[in-house]
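Chains here go by letter, A, B, C, D and E, matching the order in which they are written, and residues are numbered from 1 within each.
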Amino acid sequence: MADAPVLRLRGLGWAVRGVPIVEDVSLAVDEGEFLAFIGPNGAGKTSLFNLVSGLCPATSGSIELDGADITAAPVAARARRGIGRTFQTSSLWPGLTVAEHLRLAAQAAAGTGARGLLRRRAEPYREQVDATLDRTRLGHRAEALAGALSHGEKRKLELAVLLVGDPRLILLDEPMAGVSAEEVPALVELIRAVHRDQGRTVLMVEHHMDVLLGLADRLAVMHHGTLLALDAPARLMADATVQQAYLGEAL
Amino acid sequence: MTAVLVGTDGASIVRRMLRRWPLGLLLLLAAAPYSALPVPGLLDGPLGSPGSLQLIALCLIYGGLATSYDLLLGHTGLLSFGHALYFATGLYATDLAMLELHLPFAAAVLAGIGAALLLALLLGAASLRVTGIGFSMVTLAFAQAGAILVQRDPGGLTGGEEGRAVPADRLPGALVGIGNTANLYWIALAYLVLVLAVVRWTVGSPVGRVLAGIRENERRVEVLGLRPYGYKLVAFVIAGGLAGAGGAVYLLLTGGATPQAASSDATLALLVMVVLGGSGTRWGPLLGGLLYTWAAHRLGDLANSTDVAGLPAVLRVPLSQPLFLLGALFVAVVYLLPGGLAKLPARIRTTSPLTSLPASRSVRGE
Amino acid sequence: MGTFVLLACTGLGLGALYFLIAAGLSLIFGLMDVLNLAHGALLSVGGYAAWWAATGGGMSCWLAVPFGTAVGTLAAVLLELALVRPLYGRPREQILATVGVGLAVPALLAGLWGADARPFPQPAVLAGTVRLLGAVVPRDRFLLIAAALLVLLALRLFLARTRYGLIVRAGVADRAMVTALGIDVRRAFTLVFAIGGAAAALGGALAGLYFGSVSPDQGPGLLIFAFVVVVMGGAGSVTGAAVASVVVGLVQQFANYYSAAGLGDLAVVVLLAVLLLVRPGGLTGRLA
Amino acid sequence: MTLLQVRDLRVVIAGSHVLHGVDLDVADTGVTALLGRNGAGKTSTVKAVLGLVPRTGSARLAGRELTALPTYLIVRHGIGYVPEDRGVFPGLTVAQNLRLAERDARPDYPLVHQLFPELKKRERQLAGTLSGGQQQMVAIGRTLLNGNRLIIADEPTKGLAPKVVAEVADALARVAERVPVLLVEQNLALVRRLAGPCTVLADGRTAHRGDTAELLADEPAARRLLGVGTHRPPEGSP
Amino acid sequence: GTAGTAGGGAQAPVRVGLVYSKTGPLAAYGAQYLEGFKAGLDYATQGTGAVDGHRIEYTEQDDAGDPAKAVSEAKDLIGQGYRILAGSTASGVALQVAPIAAQNKVLFISGPAAADKLTGLNAYTFRSGRQSYQDILTAASFLGDAAGRKVTVLAQDNAFGQANVAAVKAVLGGQGASVDAVLAPPDATDLTPFATQAKAARPDLLFVAWAGDTASALWTALNQQDVFATTKVVTGLDLAASYPLFGPAAAKISFLDHYFGGAAGTDVEKAMTAYLAKDGAKPDIFSPDGFTAAQLVVHAVEANHGSVNDTSALAKALEGWSFDGVKGRLTVRAADHALLQPMFQVQLTGTGAAAAPSVLRTLPADQVAPPVTPIAG
């Protein structure tokens, strides 16, 4: 594994009109690591992802990617540097087809830019797109408009858009919410493959504990915007505070 | 690109025919000046007469303008209320380059298009900093400022509400006089083809894919690592430049620059054309531009016809107002042809038993 | 001093007129997200109905204005039921249909009563002037200001005391969900549209009084500034629209007077552009 | 016996057949589960009952045919609905969101605030800025304000933290003592705990009707209908 | 009509295209023009509608006030072989159609459009109405000796207003008056400040050049600010429907007038009034423009014995022609095609619907003749 951490947060905070939402979060993620976030609703997990991906401006602290400060970098610049994310509430292009989603994402990853004006829209991404459709079990819906997908299908498309671009640092925000029980194992396998076989660094928020337990190297517990604990899953699960604050009497 | 139609044999023949028809139509249009075909009702004189050519040419220009506007509206999702400004810039700048700078015609046209491009770049760069209705209103503000300036006749340049006629002596001989209307017509046709080609190319290029993404969900595009601002600006400048070129052609056709071209009504008219024809479709804006322009010119004749004059007052009063007819036409189209003219074939197709269109397939141009 | 007072008073009067016109637009555009380009037509209907009542119908002006408002409201209800209702959620086609009405109605009025301005009778009480700190201020400006304040108050009460504002705003965001809460969205939309139309018609009738005449394209002509006001104030914020109206009225009046070329209109549109570029949400900061 | 009786419900959206005939009975007590894979048609069934999508067939609530009624009248018969995508209005505050849902003269705010104290705390926050789980709380809270005859909850626990899931489950159990609930859920553990009867959809049709506990105990049937084994808590369903 | 020349279908008809505002903001002017044209045609052909056996047929085309539309219609007509065009209610239209006519060597007789630029514009363009300069000279006549007097122009800041300012400067400034202007933005809705500005300028003569929907508001403002107490106010009298718009100020204004029904008292006017009465119409400000246009057409055709092929011959026939028109003796000045004509000083009596004009003084054509602007090219 590389020397400098892929991602380092130092005293990161975000406040809206004086109300802190994320407070003083410091952590470092190594290349190829799988870090999972848990915590009660409203703990600030999604907000932390927003900070890292640039959708919210940090009001204190700093974010480093591969040792370079990206605290003030715009969303697109961070994405070009290899940060990819999914959204908790599916955020798609309702009028585009599933396949077109993946082509657009692949093209963005290829970085065609304004030079694209001079090219025909060839299909150099075909293999990439087809492969991703297969992996996410969306092949049969390739020509459907995203707006017409069922909830679970949207979740999978969300993941597919991320994967086709193959970013180095992956932020997954509750990818399993609403995916049918039957398909969860396959998706878990998929994420595992991206992490293990392709060696991508993954940060993931998930409320399904047993999904996490099989995947995560480390577990971060957030509470009231702060990082409550950061440790190996087994040890944290035994922690009484975590039990009480988060898991309760799990179903 | 068209994801229409299904793989049955009949349909694939239809598809092949569909692919070729634009070329055939283009040839027909190009040959129109040689035709003496009477088109009663649609046109006053025979097809090849100067009056008919003039009207068709105007229709073609507006078809092109609407198509350029739809690059913003339908393909990028930008509701600009100031597109007429770039049209007017091309119109006035070309005219003034000849009148004031004494440039030869060709150079003046280039200057006109250049001015439109430059203005679109500057104002686009500013107005694209805001999104949503804010963008619409900033473009409206700029366009309104332009319209006011044109009206005020700064330094005697624009001629105020009287406008400035084009200096005939600076035009090539082949473009002056009724006998040469066919040449103007061909220029208008060429302009339309140019616009269609540029817009098609842009939409079909990788950039066009990003524009579609921006139209559907701009934020999400950013998360992929693309800066929407730059892409939107590209679309804005292309559309503005095309509108400017339209202004230059319009100048030739109408023989002068008048402030009606700069008014906010003119942008609204473009918007109406696009919606009339079907926004975001390949041929819709063109059809809308044609229909609108034709109707705006010909409804006057209907309104003033003796048939109408003979009607009882309840019918005569509204029917003798061309704008009433035009307004009523819009309302009728919204009801009878939801989605615009361009959706008509698709609607007919879905209702015919032969090919039922799977809903999951896109019926838009993309 | 006199000039300043005169400009301030007439500027406020102008702002009041803008507000009367913009209030309905703000309601319809801000809450319902309908870019009602037939708003000018509603103004004209209100204006002509009041004019007709005052001249042909022999009503006194104090009856004619409410009559015009009532007719305009009726027209708004019809417009909503017949044209706008089927088009919610299809903004582009709304534009087409309302532009159509916006063209057809003035044309119809021109067909009926001619394209030229018709004199609007002014009651004697309003015809005179008031001396105020050295300025001679026309009385009708104060009527406009009073009417604008009343409309502002009424709209604020309506929005604060009833759920309709909420229903319509929510209905724009997710119509199906609002019905799924057991609410008849369509009725709420019609009601709000009617109130917007009533405000427009009142504005039209009072504009007739203000200009001393009605003409078919008076309504559409005022519409651009009404739009400016709505956007400046922040869509859907009636108070914002009121503040913006005052700003626009004053800026226009002062700039017209003091700038060499009478650049009031230009000043207003430039102000709009700058404001939006600096604060995209408008004065009240509500995202437009 | 049955509160809601759905027969041969069919839905066609934009030319594509989404439901081909769904039969469904919701008992007048307790929780009835509606299960199925992604895209099976659960949400469409619920929406069809509520009149949110064009449909044919029949849906009777306490003997009253619903398919001829517009949505708002159906809901006024006393249905509380937790939509799958939460359906909160992002531009309105939490309080405004709840206010919109008021149907009764005396809405039961104490119950809502007791279950979700968070909503009381965040009354004035715009719902669009709430966390995913908090939005889900708004969606559920809305249905609890009014006295309903039936509550339809489409994946109500999706996105909620385990502890809250447990609390919502308790709440649903409590609510179900008074008001019958139609529950669409992927969390089979929760279904197992709450549901009496169940209906399973596949490809837009009713594929199975029966008792939840029996179905989940019948390993091959569960695997065929739901694609999961039940001998152990399925992976991904805490 | 006499039987000999009637039924004049024997010879090829002469076709005249009328491109004017049948609808749109200037529709009322357009209607007057058309009625006047019909009356003039009847008068000039002695009721036969034909010249030397050539029927004069006219085709109406509506430009709705839009120059682009007018150009299209004009091209259409020219393409159909029309050699004579007339009409143009608006200056913007006239200025765009005139070059088209010249390029195609077609005779163009502009109508009510008042722009001075039309005079001397090209060899094929004539006018059948008055021009701004003649308005100004009429206004100047109210001042008497201009030297040392102060004149203020209150106008809208558009081409019409600016042209008026320029003309006043040229005419009255040339006679030694000091001229300044209060220009209001064309779309300004509150005119009170401009009224006070005009009052503050304390001119001996306030010349108001105003058009459009705000006229009523302007006169109310001028009256409220009591401008009439200190200054003589002159403005142009518009069509009859506008008389009530002056409100209570009507009687205090000095009007310059192109024409109103009954202003001239000539025999030609009586003939026109009689013809219009048959059509249920009344003479109004622009009826003479149509009437004169028909006279010009008939004369040009007559002079060429019914042939319209040589349009420069048609033009030649008109240049320098002097004749009896509705307003009195009219002359087409050879040098620049200006139409020299008498103008009127008028006052309104009564207010509102009862307002009625009466002539104070008729100014002979040469007193209000615009300066010569030789034809370019």
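The criterion applied here is as follows: contacts are C-beta pairs under 8 Å (C-beta built on N, C-alpha and C of every residue); 3 or more make two chains touch, one makes a residue touch a chain.
All of these numbers come straight from a predicted model, not from anything done at the bench.
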TODO: Treat each pair of touching chains as one step and give the shortest count from subunit D to subunit E.
DONE: 2
Task: Target subunit E, source subunit C, minimum contact steps - done: 1
Task: Interface with more contacting C-beta pairs, comparing C-D to B-E - done: B-E
Task: Centroid comparison with subunit C (C-alpha atoms), farthest chain - done: A
- [ ] Could you give the separation in Å between the centres of subunit A and subunit B, each centre being the mean of its C-alpha atoms?
- [x] 44
Open item on the list: Using mean CA coordinates as chain centres, what's the gap between subunit B and subunit D in Å?
Closed with: 49
- [ ] Report the inter-chain centroid distance for subunit A and subunit E in whole angstrom, where each centroid is the mean of the CA atoms.
- [x] 76
- [ ] Could you grab the centroid distance between subunit A and subunit D? Build each centroid from C-alpha atoms only and quote it in angstrom.
- [x] 28
Task: Residue numbers of subunit C (touch at least two other chains) - done: 107, 110, 261, 265
TODO: Enumerate the residues of subunit D that touch no fewer than two other chains.
DONE: 13-14, 16
Task: For subunit B, residues that touch 2 or more chains besides their own - done: 152, 320-323, 358-360
Open item on the list: Under the definition above, what is the set of subunit B residues touching subunit E in their complex?
Closed with: 44-45, 49-55, 58, 151-153, 159-163, 165-166, 168, 176-178, 181, 250, 253-256, 258-261, 296-297, 300-301, 303-304, 320-323
Open item on the list: Which residues of subunit D touch subunit C once you look at their complex with the stated criterion?
Closed with: 50-52, 70-72, 75-76, 79, 81, 83, 87, 89-92, 96, 99-101, 103, 142
Task: Complex contacts: residues of subunit E adjacent to subunit C - done: 23-28, 157, 183-185, 187-190, 192-194, 196-197, 213-217, 219-221, 224-226, 239, 241-242, 244-245, 247-248, 352
Task: Complex contacts: residues of subunit D adjacent to subunit A - done: 13-14, 16, 36-39, 43, 84-85, 118, 129-134, 136-137, 155, 158-167, 169, 186-190, 193, 226-228, 233-238
- [ ] Can you check the complex and tell me which residues of subunit B touch subunit A?
- [x] 1, 3, 202, 204-210, 212-213, 215-217, 219-227, 230-231, 234, 358-362, 364, 366
